[in-house]
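Each chain carries a letter (A, B, C, D, E and F) given by its place in the written order, and its residues are counted from 1.
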Amino acid sequence: MLFDLSLPELQRYLPERDEPQDFDAFWSETLAAARKYPLDAVFTQVDYSMALVDTYDVTFNGYDGQPVKGWLILPRNAQKPLPCVVEYIGYGGGRGFPTDWLLYPSAGYATFVMDTRGQGSAWRQGDTPDLPSEGSSPHFPGFMTLGVLDPATYYYRRVFTDAVRAVEAARSHAGIDEKRIIVTGASQGGGITLAVSGLVAGLTAVMPDVPFLCHFFRAATITDEDPYHEIASFLKVHRDKTETVFRTLSYFDGMNFAARATAPALFSTGLMDVTCPPSTVFAAYNHYAGDKEIRAYHFNLHDGGGTHHDLEKLRFLSKVLN
Amino acid sequence: MLFDLSLPELQRYLPERDEPQDFDAFWSETLAAARKYPLDAVFTQVDYSMALVDTYDVTFNGYDGQPVKGWLILPRNAQKPLPCVVEYIGYGGGRGFPTDWLLYPSAGYATFVMDTRGQGSAWRQGDTPDLPSEGSSPHFPGFMTLGVLDPATYYYRRVFTDAVRAVEAARSHAGIDEKRIIVTGASQGGGITLAVSGLVAGLTAVMPDVPFLCHFFRAATITDEDPYHEIASFLKVHRDKTETVFRTLSYFDGMNFAARATAPALFSTGLMDVTCPPSTVFAAYNHYAGDKEIRAYHFNLHDGGGTHHDLEKLRFLSKVLN
Amino acid sequence: MLFDLSLPELQRYLPERDEPQDFDAFWSETLAAARKYPLDAVFTQVDYSMALVDTYDVTFNGYDGQPVKGWLILPRNAQKPLPCVVEYIGYGGGRGFPTDWLLYPSAGYATFVMDTRGQGSAWRQGDTPDLPSEGSSPHFPGFMTLGVLDPATYYYRRVFTDAVRAVEAARSHAGIDEKRIIVTGASQGGGITLAVSGLVAGLTAVMPDVPFLCHFFRAATITDEDPYHEIASFLKVHRDKTETVFRTLSYFDGMNFAARATAPALFSTGLMDVTCPPSTVFAAYNHYAGDKEIRAYHFNLHDGGGTHHDLEKLRFLSKVLN
Amino acid sequence: MLFDLSLPELQRYLPERDEPQDFDAFWSETLAAARKYPLDAVFTQVDYSMALVDTYDVTFNGYDGQPVKGWLILPRNAQKPLPCVVEYIGYGGGRGFPTDWLLYPSAGYATFVMDTRGQGSAWRQGDTPDLPSEGSSPHFPGFMTLGVLDPATYYYRRVFTDAVRAVEAARSHAGIDEKRIIVTGASQGGGITLAVSGLVAGLTAVMPDVPFLCHFFRAATITDEDPYHEIASFLKVHRDKTETVFRTLSYFDGMNFAARATAPALFSTGLMDVTCPPSTVFAAYNHYAGDKEIRAYHFNLHDGGGTHHDLEKLRFLSKVLN
Amino acid sequence: MLFDLSLPELQRYLPERDEPQDFDAFWSETLAAARKYPLDAVFTQVDYSMALVDTYDVTFNGYDGQPVKGWLILPRNAQKPLPCVVEYIGYGGGRGFPTDWLLYPSAGYATFVMDTRGQGSAWRQGDTPDLPSEGSSPHFPGFMTLGVLDPATYYYRRVFTDAVRAVEAARSHAGIDEKRIIVTGASQGGGITLAVSGLVAGLTAVMPDVPFLCHFFRAATITDEDPYHEIASFLKVHRDKTETVFRTLSYFDGMNFAARATAPALFSTGLMDVTCPPSTVFAAYNHYAGDKEIRAYHFNLHDGGGTHHDLEKLRFLSKVLN
Amino acid sequence: MLFDLSLPELQRYLPERDEPQDFDAFWSETLAAARKYPLDAVFTQVDYSMALVDTYDVTFNGYDGQPVKGWLILPRNAQKPLPCVVEYIGYGGGRGFPTDWLLYPSAGYATFVMDTRGQGSAWRQGDTPDLPSEGSSPHFPGFMTLGVLDPATYYYRRVFTDAVRAVEAARSHAGIDEKRIIVTGASQGGGITLAVSGLVAGLTAVMPDVPFLCHFFRAATITDEDPYHEIASFLKVHRDKTETVFRTLSYFDGMNFAARATAPALFSTGLMDVTCPPSTVFAAYNHYAGDKEIRAYHFNLHDGGGTHHDLEKLRFLSKVLN
């Protein structure tokens, strides 16, 4: 059922952004620190019985120079560098196997899938360790409050840095046209997509689906569904840390990245989505600074647009790539 | 958690089959009646932005000559007739879009997906109407008890007939090697696969995953999960129809089809599967008359082997096709 | 708890009706087509050990001339034709047995109970098959979306036609005074009652309790309870069919029938009813064109007024019949 | 699903009874104390718009001479004293209104419905206060542990005494044939029925449906459903009172009353009943000392045999009364 | 998640009080009647292996002169009469053991814990019987509707009277400074605390945590959580008793007691508390007539401020006692 | 309800232990590595308004020399070194505040509470970071599978090492008699207690309540409750890691530590405990090599013996300390 704002209200919902003064400095220093390590993207061909595509196991250096895994999948026998869709993954899942990622290659694009550090044990398996070099303060189970007492130690600082480096890794491969990079992902993958939209220049398109990691305070008080609810669960116990936590989260809010984006974007949201409520998605969408479109699915929850929206995305890609 | 027999018990679990005397007559008459209608398989090429595969919308005549939809997907530019994997769908889902079925084509095989009549509104959408020409007696919501008071009017009589005709439709296409047909499917799709394994000769392989529609009486009393539970829900109201219902179901029990099968088979099951309990799967497996293997996933429920098992199936296909 | 409008808001809640131009034509053609078949109401006395009442098994021809079952129960030894209460049944239930329908006969009235085609397996048993002669497009389990893509094939077209014919069947019995027919029912039975109130002339009274099948769009977005939720479940999968579905439903909306009614009515509703929310009931009530009263039960859900309201209805009947 | 013993095991399940030495003394003293008060059954005719039956509001003196309410309903214009079905009510419900009790009168019998003291606020309303003259020790919400630390103060001592007096009240009415008394009831009503079967002589028949209050220790450890679970909830807190509580309950166990019964009986049970598990019902049934029959409904829970069983009971009554 | 008013709305939320004209008369007569019995507070030293505190089992005469249990715990070897914190207990719990009540004694205060009659079987055990000398009308399981049809027989009349007598019992002990009595409790204990704040003069402080028993009508319609929901459950059955019930409750509403209070108070509430919604707490707080402070915990439910708030209370005590 | 073995079966339940050959080497190397860092236990007096006890904030160096927090609470003005109860904490909780730990000090003992690294955000707050210096492989949310692919990186390797060092820290304080150390804790605290019982010599007593971390394979297959279920959740995704995971867990199984223990022990368990099933507790108990007693609470779940058992423990302490 509907539980959030109505569609007309959503379309004009533009909450004030809570942005720390040193937001840009924080991120440029974070990325600069990561870039002190060589990227070292390694692509090893692997055999998964595929006849139409080539599959590569990928390793590159992400946050703090730590190794991050991924897959690169290319249509076999492509004649020239291809556009590449970089995909980020939803909360709790990992990169799985190359056979899980056949949509974009079948459509003739390269696809680069980034594993999410520490995740990949709640549904599709992952292979990348997380290494909180500064230690992790006590946290509620899950990743939302891992190191949340300080922006410098917060889990998503590491993930967003990995994500920027993933684009760089994709661009480093000879089969890929570095000028035609598209970023996408659903839920947490959509939140990471938004972060990358504000941190990486020269993207061809940005396609966040039912994005997570936006408008944290509203999200934490409007729904009882995890993973946003992990914030509320943490603050239920740490009653005196509310301000600290939301200050940290302001460095990671999709609204703040969206306001810095320039590439054309296609968003999606489900109007009954209790996991990533539509008002938090529209909050980012309405602040998004590039050209933009959104598909709002009326009777959908966090499943969003499903294959219907995959087809929309393929059409959108045709448009922006031609 | 484990709730059914232990693995060693499962491996030797061979319950007596409840098979009506006229089982074979029932099915040969049913199929003969359907075959009085021309098959008329029509393949219309459709554009879903796919670069590596060709996609066809399919219509063929199933039970009672009624039109049934499907997809045929072929690797583009194949040089000679290909082996074809015919896939049946899980309960409540429909054929969706061709982009939902890229695994086998990417591996170099044709794939033929059969829509399930009346279904396709609970998760992935379907496009095939059901037409119970004899009328449907009162039933519990869902498909398990649709027309269940008589084998002649039972819903799965129509579905299993469609499934046999689907193999014939696949064989009728020029790009497909009619001698190399593999049938597969998960859950309801696995149950249909078993039915086909006993009704169609000359199959190359049979791969039922976490199959449904086996050992009905045990299933209806060992779990409260739908869809098996729809039987219990119906009999809770129709207290005087227990015998009638299980007589009907005996014409549709996967154990009885398995006992007639000849092709090599790869089964899968989850030992914690409360939807299709492992004892009902092993009941069919242990009665299966062809060469056979099974993968039992210890900590899995109805998700079974997931992509891990997809890879097992690709390996099994390489073996049986070479 | 309260989740819908407050009582004062409900009392003045008069949403715009969404009525297709050919609403009346649709229904007059539908009924005319059914009336081409003879009604052929057959009343067979049956023995259920009752000493004070006579019980008859009824069959009459409903939609498309298909046979529909019912019960007729008459106080034994009545001296002259009696007023008759025609009762329609809630979602999922069937006619059960005559012993389930003793209230109105004990009060001295005849009662005629109509079985609901296809239903009667979720709680009280039914005996009437459904026969969708045009075939049923894929639907979410249940009856709400059976054939919903076209008003001509929608399930409730068949049911409402049966319901009109049921009144005619009751009127055809010699023991019944055809000028004194009352229609009633709870939930789905209340929705059918409203349909009949707008389709049948000369009724003595109309008593819909916690009626279903009113103000579909609001209902499908304000609650997650079935059966209204079946609409949302269907549209969650068929994302591109929203307009089509609500166009079909506009031919079946209790508000549109209520606006055509003339008989005096007694409604009931529970202010905490999450199955048939009070705003959907008041929407129909406030549009009801005849004399009318409503009882709103403050702390009740879909149980509505229970036996308290049965007594209200007996009092209302005394009033309108004298 | 099935969770208790299988039907063959149930049929021979005869657990040892835990019966206190002074069981008979306890009950004869209890009843003697109640009978020191005059019964004073008062029958006041009341008008509920019924044409075929006469309805009386009843008050009689039960435990400790306290007033207990009931209904007496008689077919209008009966020519001679009638057999009377005395009905006891399920847990949490009350006597409601006469219109709730039309089955037996419509079949030509008198029916006498006893209100259950203190209850009648969880579903059908009641009108009889409970008055624990000895005070009630702390108890878990509900009635199962009210005064449970001592047989003398236990709630059901008062209820069972009322129930015996209810039979005496029914017998005291001129329209009733005191030699033809039948006792019945479902769930708690079935448990009370069993108690009366062992405490009252000269009954014509005993019909406990899905009876509660039998084989307490097994019941409290085999299910988590209330009301049996109230015992476990109480002992979860009062960890040192286990022996005390089960000693009290041994004075109220249906098995012990059944072993003293002499009238012919018709039991019912649902094999999937998690509220009153079938093994606790068969425990009482197998100890029942009179002629007996039982109907076991295979796919039913606490709903038992529903109207199907009502018809069985009417047939059983015809048999024992002729 | 947030479900009630926002914090700014709560801070100015001052609903009209529903106060019967004879509110004061009712309570002065009630207390006068209880005081006709001698208080007879008896303190028996008991050994629970405590080295730093002395523990006493307490019995005193409460409502109708009936014995009520409690504990008195004193720091060992105190040199002079101490301030005493009188604690009332949450719904369903009892006094447990002295080892459950070490906070205030460890801080150097006496603590007097009152058992709640009839309760103490749902979580921490209790030892005090309830004795409704006027009988208890039918009620929904639990204590909220016990005798609710008349203020004279309502359960909380007895409890609040006990609570006033508990303060008198504490004052009667030689080790306690009768001028320095503080009352406190959480949930039901907070509701009792508020009652005492309006009924007892000369208190040093009042500390209700997440108090229950305030603003009953709003509470019964804004949440489905017990125990407030017991009111709705009762009225769902007793559809004709709404006015009667809320009239009774008006004699027991924390808002009405708060308006009579004079001692300084520290309240607490959880803004996500669905058991005792914050608007019902602020309703009492905003009507509280003495000096007052409140701590609103943003992400907490009925757990309120936990140990964080214990420390607030210790600081508040230091302040008011010095 | 009961779901595990019966009490007589439990009493003789002695499953084979799965113990790696290098179990002792693993632990002696692990502890030796930790002891290369100075313990550096620092005790800072803090003011929490306590009059009868002194409270100290504690920091000591645990695994890998990382700082671990705790509390030390001493009865004020003790004349000589006291026995000290070292307490470990249940899953998800942290050390909270000293006011949460008043039981043993009030009984005249010192108490030392160890914070659990990384935890303390699900219920009682904690203050100790976790620092997995080797990185943490992907894990299911929670702590059960953190680093579980290798005993060297498994989370509990760090925790158990901290726990051994906590005993050493307690012993290092002048107010504590190092010869009289008792270890205790409930659930995870009980599991840690068992680990310490096998790793630390010279303990006075061991009191594990409803201990967790025992007999992992059975636990992971007999219950669906977290935290044991986290293992099943992880293996549901990582289908190929079953052997690896249980090999790691064999280094941490309470049964293996119990078999090395020497101090007298008092265990407790709840026979209906679905979180830490009684068979897993009895498995450790029956292997426990020292003198031992166990209290089995029949109707309790993971709440175990509650305050009743606190009193048992105080009695047990009196016995072993005298």
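Simple rule for what comes next: contacts are C-beta pairs under 8 Å (C-beta built on N, C-alpha and C of every residue); 3 or more make two chains touch, one makes a residue touch a chain.
Here the structure is a predicted model, which means the values were calculated and not measured.
Q: Can you name the chains that touch subunit D as well as subunit F?
A: B, E
Q: Does the subunit B and subunit D pair touch with the same residues on each side or with different residues, judged by whether over half of the numbers are shared?
A: Copies use mostly different positions to touch.
Q: With centres defined as the mean C-alpha position, give me the subunit A-subunit E separation in Å.
A: Roughly 51 Å separates the two chain centres.
Q: Calculate how many whole Å lie between the centre of subunit A and the centre of subunit F, each centre taken as the average of the chain's C-alpha atoms.
A: Averaging C-alpha atoms per chain gives centres 39 Å apart.
Q: Hunt down the residues of subunit D that sit against at least two other chains at once, touch-wise.
A: Subunit D, residues with two or more chain partners: 124, 306.
Q: Are the chains arranged, by touching, as a line, ring, star, complete graph, or other?
A: Basically it's none of the tidy shapes, so other.
Q: Can you name every pair of chains that touch?
A: Every pair of chains in contact is listed here: A-B, A-C, A-E, A-F, B-C, B-D, B-F, C-D, C-E, D-E, D-F, E-F.
Q: In the complex of these two chains, what residues of subunit F are touching subunit D?
A: Checking each residue of subunit F against subunit D gives 1-2, 272, 297-301, 303, 305-306, 308.
Q: So in the complex, which bits of subunit B are touching subunit C?
A: Residues in contact with subunit C: 66, 92, 94, 118-132, 135-143, 145, 233-234, 237-238.
Q: Which residues of subunit B touch subunit A once you look at their complex with the stated criterion?
A: Subunit B reaches subunit A through residues 48-53, 75, 96-97, 99-100, 102-103, 105-108, 124, 306-307, 310-311, 314-315, 318.
Q: Using the touch rule from the top, collect the residues of subunit C that touch subunit A in their complex.
A: Against subunit A, the touching part of subunit C is residues 220-224, 229, 232, 235-236, 239-240, 242.
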